[in-house]
Amino acid sequence: MNSFQLEVNIMQIKVLYFARIKEAVNYSSEDVDLPEDIETITALKHWLSKRGEVWANLFSGKLVVRAAINHNLVDDLATFEDGDEVAFFPPVTGG
Amino acid sequence: MIRVQTDDFDMAQVLDDLRKHNPKVGAIVSFVGLVRDINDSAEVTTLTLEHYPEMTQKALQAIVDQAKQRWDIIDAVVIHRVGTLLPTDQIVLVAISSAHRQAAFSACEFVMDYLKTQAPFWKKETNSQGARWVEAKASDDEAQARWTQ
Amino acid sequence: MIRVQTDDFDMAQVLDDLRKHNPKVGAIVSFVGLVRDINDSAEVTTLTLEHYPEMTQKALQAIVDQAKQRWDIIDAVVIHRVGTLLPTDQIVLVAISSAHRQAAFSACEFVMDYLKTQAPFWKKETNSQGARWVEAKASDDEAQARWTQ
Amino acid sequence: MNSFQLEVNIMQIKVLYFARIKEAVNYSSEDVDLPEDIETITALKHWLSKRGEVWANLFSGKLVVRAAINHNLVDDLATFEDGDEVAFFPPVTGG
């Protein structure tokens, strides 16, 4: 019973990084297991920033970090669900 | 038609396709963005474009769909290159066909303003001092914001 | 460069000339006007353009000079055809190069709006019912008036 | 003395016609000798309209007739001088 609850309450998402953020974290993609209360971009940024100095610097708010959920640009209050793809990147500079 | 590609594109071919198959077309407005040899700092030697492949097509299509809802346009072509480019190389083409010119002008400028702020491309420049990511410009946000006022 | 000619023009050549000789160019906005197969009335079979040769070049140059005074543009090309054309044929090309896109968009639309109301060209359509001179449109006067408000 | 004054007081201009105006008058260009008080586009239109029905119809004001002096688009109060080239045409429809 206890172990069944644990499985339900862990959410797995895929997280992608682009441009200078990818270079800072040194990889482009990872699968992340999250506690169930981490379901907004803001919460995810806060949670990731506890990983260490590089992460804290990235998500400190000094530089703008944009996010997409399942390939849609979103603001930081957007929520994601188990299995979603979340991406972090700097403001875009195409064109 | 929306394409993201490493290869260069042939503007004349795109324009011919837009006009030759549809005699209702009275106007084609097109924008071509090019690699400049100088930016904020020193002389640019190369420009490398990274993107988010699964998102790019979707983001560009959403922008074109919005333009089609707002203006009476006939067709739209967006071609954006990725990879490493040199000064004077073509980066992006937006071409809009319509019966009358004002719809094509507005839609073309709209698509470019949204592409600049919404489509997941990132530019990295190299010059004699090394490589650096190009910073987003506030003027691009302001240009996009005009359309929602 | 300003040209009035009966021959068709090669848009790709014009754009290549604008970008390849000047790595300061970051944006090229171009407008192509085409013969539509339908106008106010029946299906158009031919469109014949008459002009006032001694005045045309001067009028177009004055419009381009005004655009260069108003916006920070690098170069401007205007090519206008005269004589008899068929549906889907190219009539006019306006291409503007600049460092940044907004100047090129504004200048290109400005040149077209002024060309439509100030340059001495007249269109005559033929269709199955005969020939008729195309009427000037109030919307073109309004488009031009925007720039003086 | 009298004949000398007459020569001075007659102004000669070249007048061109385009598009439907050219078709209505049936020629594209003429040299016109004018009395000296005809020196504005308005006065010239009025003077030409006395030539007959075709001319009266053209310059009656029912249809807009634009004018150029020496290849510059002008309004109807503009003045011309001896030797100038004046053109009459409908509103332009290029582009």
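First chain written, first letter: the chains are A, B, C and D, and each begins at residue 1.
Everything below uses one rule, namely that contacts are C-beta pairs under 8 Å (C-beta built on N, C-alpha and C of every residue); 3 or more make two chains touch, one makes a residue touch a chain.
Here the structure is a predicted model, which is why all the values come from computation and not from measurement.
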Length of the line joining the C-alpha centres of subunit A and subunit D, rounded to whole Å: 76
Whole-Å separation of chain centres (CA-atom averages), subunit A against subunit B: 28
Centroid spacing, where centroids are CA-atom means, of subunit A and subunit C in whole angstrom: 50
For subunit B, residues contacting two or more additional chains: 33, 112
Per-residue multi-chain contacts in subunit D, two or more chains: none
Graph class of chain-chain contacts, one of line, ring, star, complete, other: line
Every chain pair in contact, whichever chains are involved: A-B, B-C, C-D
Contact footprint of subunit A on subunit B as seen in their complex: 33, 49-52, 54-55, 58-59, 80, 91-92, 112, 115-124, 133-136
Contact set on subunit C toward subunit B in their complex: 10-12, 15, 19-20, 22-38, 87-88, 90, 99, 101-102, 104-105, 108-109, 112, 143
Partner subunit B, residues of subunit A touching it in the complex: 16, 18-20, 64, 68, 71-73, 85, 87, 89-95
